[in-house]
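What follows is a pair of complexes built around chain A, which joins chain B in one and chain C in the other.
Then we have the complex of A and B:
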């Protein structure tokens, strides 16, 4: 069985997949300013994977890439936390130093600046990478096992999963 | 016999719940406000984060978040282990 939905659904998927991934990246990157964060943004990115599986029935051969992305995200998360070991683990050693994500936040209500937060922003990014890859991998494995995703011989151009 | 035990248990638990509702403090008036004020001020001053929830999630309770990420990692490991291809099965998708 070659599961693939009609051309209408596939075209709508092609149009919708870009805003979905961009919205997920926005949620991850603005985690220290607005509601959202790594877990929520990663789930949004993984939902684009679900849309691809439902409409196209395949993701290509990216299982090893997803595994590596997930492991790299978790490892970098632990490493970033560990670099603050001079004070304590998970110490925010980047906040207010002026370096990367080291801008200062004015006290009280303010519009919010992306270059603040220190390690909080970086950890949001790493958790977003990890969660998106992990949920995509779970969806990939379960849909393959349920028979939706039979092997297709032709390649799958333009359907890579962005971490 | 079974029914009477169930009724007694229901009444006791219901009484406890009603007691908890009656004795609840009014909304917006917690007993201790020290930690709230500390988080609200400190997350902007020391951690340079506008979003207090994110500051709590990734700084004050960072180990908790690490545990959540580890749970997700182990869940993926479990799914990959259960749904893996065994050698006798015919290979449908090249892994």
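Then we have the complex of A and C:
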């Protein structure tokens, strides 16, 4: 059963996917300056995946890739947290060092410099990767189990609950 | 300026009540899911007017987009009309 919507919907999806993903990346990268952050940006990126699934009815066979991306995001988050263990866990060891993500914030009102987050930017990035992959994986599993997506490799994974 | 904001908030609250009643009243489940998405969108606008833009972004992304998609996928695999068999 191939479930695909009309050409108009698919063309609009092709056009809208790019600004949605770019807006999600913007929300993730500006998490320490503006409203937003890892979870919100990841949810915006995952809603682009929802648009793709609803209009095309397929996402390809990328379940293993999504699962791996989620695991890599979580592992790097914990790893970045443990790198500051000499002081405390989650210590912002990059702030004020002058390198990448480590610029010093000048005193007084400023427009908000993106290069000043320290490890906060890296953690927002990792949370964004993890949340987008996890919500996309949820949508993928739901649509495959409900028969919207053609299920050719059904039964090859051990995550199904047959009752 | 604050009067305009108050009027917009009143209209948003009326819309929230109407869409929340529509979710309960509709017998067509896809219409109910779309009404829930509209309710979520109005709620995110209300969060924005109450100066919580962070919550507004999360509500708009999760409530209006992802929940509606998941509910529509679930309705596609079951039945469209409400009722007992």
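Here is the rule we use: the second predicted complex is superposed on the first by the 149 of 163 C-alpha atoms of A that agree within 3 Å, B and C clash if a C-alpha of one lies under 4 Å from a C-alpha of the other, contacts with A are read in each partner's own complex, and residues count from 1 in each chain.
Methods note: contacts are C-beta pairs under 8 Å (C-beta built on N, C-alpha and C of every residue); 3 or more make two chains touch, one makes a residue touch a chain.
Just so it is clear, the model here is predicted, and its values are computed rather than measured.
Participant: Contact-wise, after the overlay, does A:53 reach chain B, chain C, both or neither (first, second, both, neither)?
Facilitator: After superposition on chain A, A:53 lies in contact with chain C alone.
Participant: Which partner does A:27 contact after superposing on A: first (chain B), second (chain C), both, neither?
Facilitator: A:27: touches chain C, not chain B.
Participant: So, does A:120 touch the first partner chain B, the second partner chain C, both, or neither?
Facilitator: first
Participant: With both complexes superposed on chain A, which partner does A:107 reach: first (chain B), second (chain C), both or neither?
Facilitator: Only chain B; A:107 stays clear of chain C.
Participant: Could you tell me if A:44 is touching chain B, chain C, both of them or neither one (first, second, both, neither)?
Facilitator: second
Participant: According to the stated criteria, A:143 is in contact with first (chain B), second (chain C), both, or neither; which is it?
Facilitator: second
Participant: In the overlay, answer first, second, both or neither for which of chain B and chain C A:128 touches.
Facilitator: A:128 sits against neither chain B nor chain C.
Participant: Is it chain B or chain C that touches the larger share of residues in chain A?
Facilitator: B
Participant: Where on chain A do the contacts with chain B and the contacts with chain C coincide?
Facilitator: Touching chain B in the first complex and chain C in the second, residues 35, 37, 39, 138, 142, 145 of chain A appear in both lists.
Participant: Going by the contact rule set out above, which residues of chain A touch chain C in the complex?
Facilitator: Where chain A meets chain C, its residues are 3, 27, 35-37, 39-40, 43-44, 46-47, 50, 53-54, 135, 138-139, 142-143, 145-148.
Participant: Quick one: which bits of chain C touch chain A in the complex? Just the residue numbers, please.
Facilitator: Touch list, chain C to chain A: 53-54, 56-58, 61-62, 65-66, 69-70, 72-74, 76-77.
Participant: Can you check the complex and tell me which residues of chain B touch chain A?
Facilitator: 44-51, 53-55, 57-59, 62-63, 65-66, 68-70, 72-73, 75-76, 79-80, 83, 92-95
Participant: Per the contact definition, I'd like the list of chain A residues that touch chain B in the complex.
Facilitator: Its residues touching chain B are 31-35, 37, 39, 61, 63-64, 67, 70-71, 74, 77-78, 81, 89-90, 92, 95-96, 102-105, 107-108, 110, 112, 116-120, 123-124, 127, 130-131, 134, 137-138, 141-142, 144-145, 149-151.
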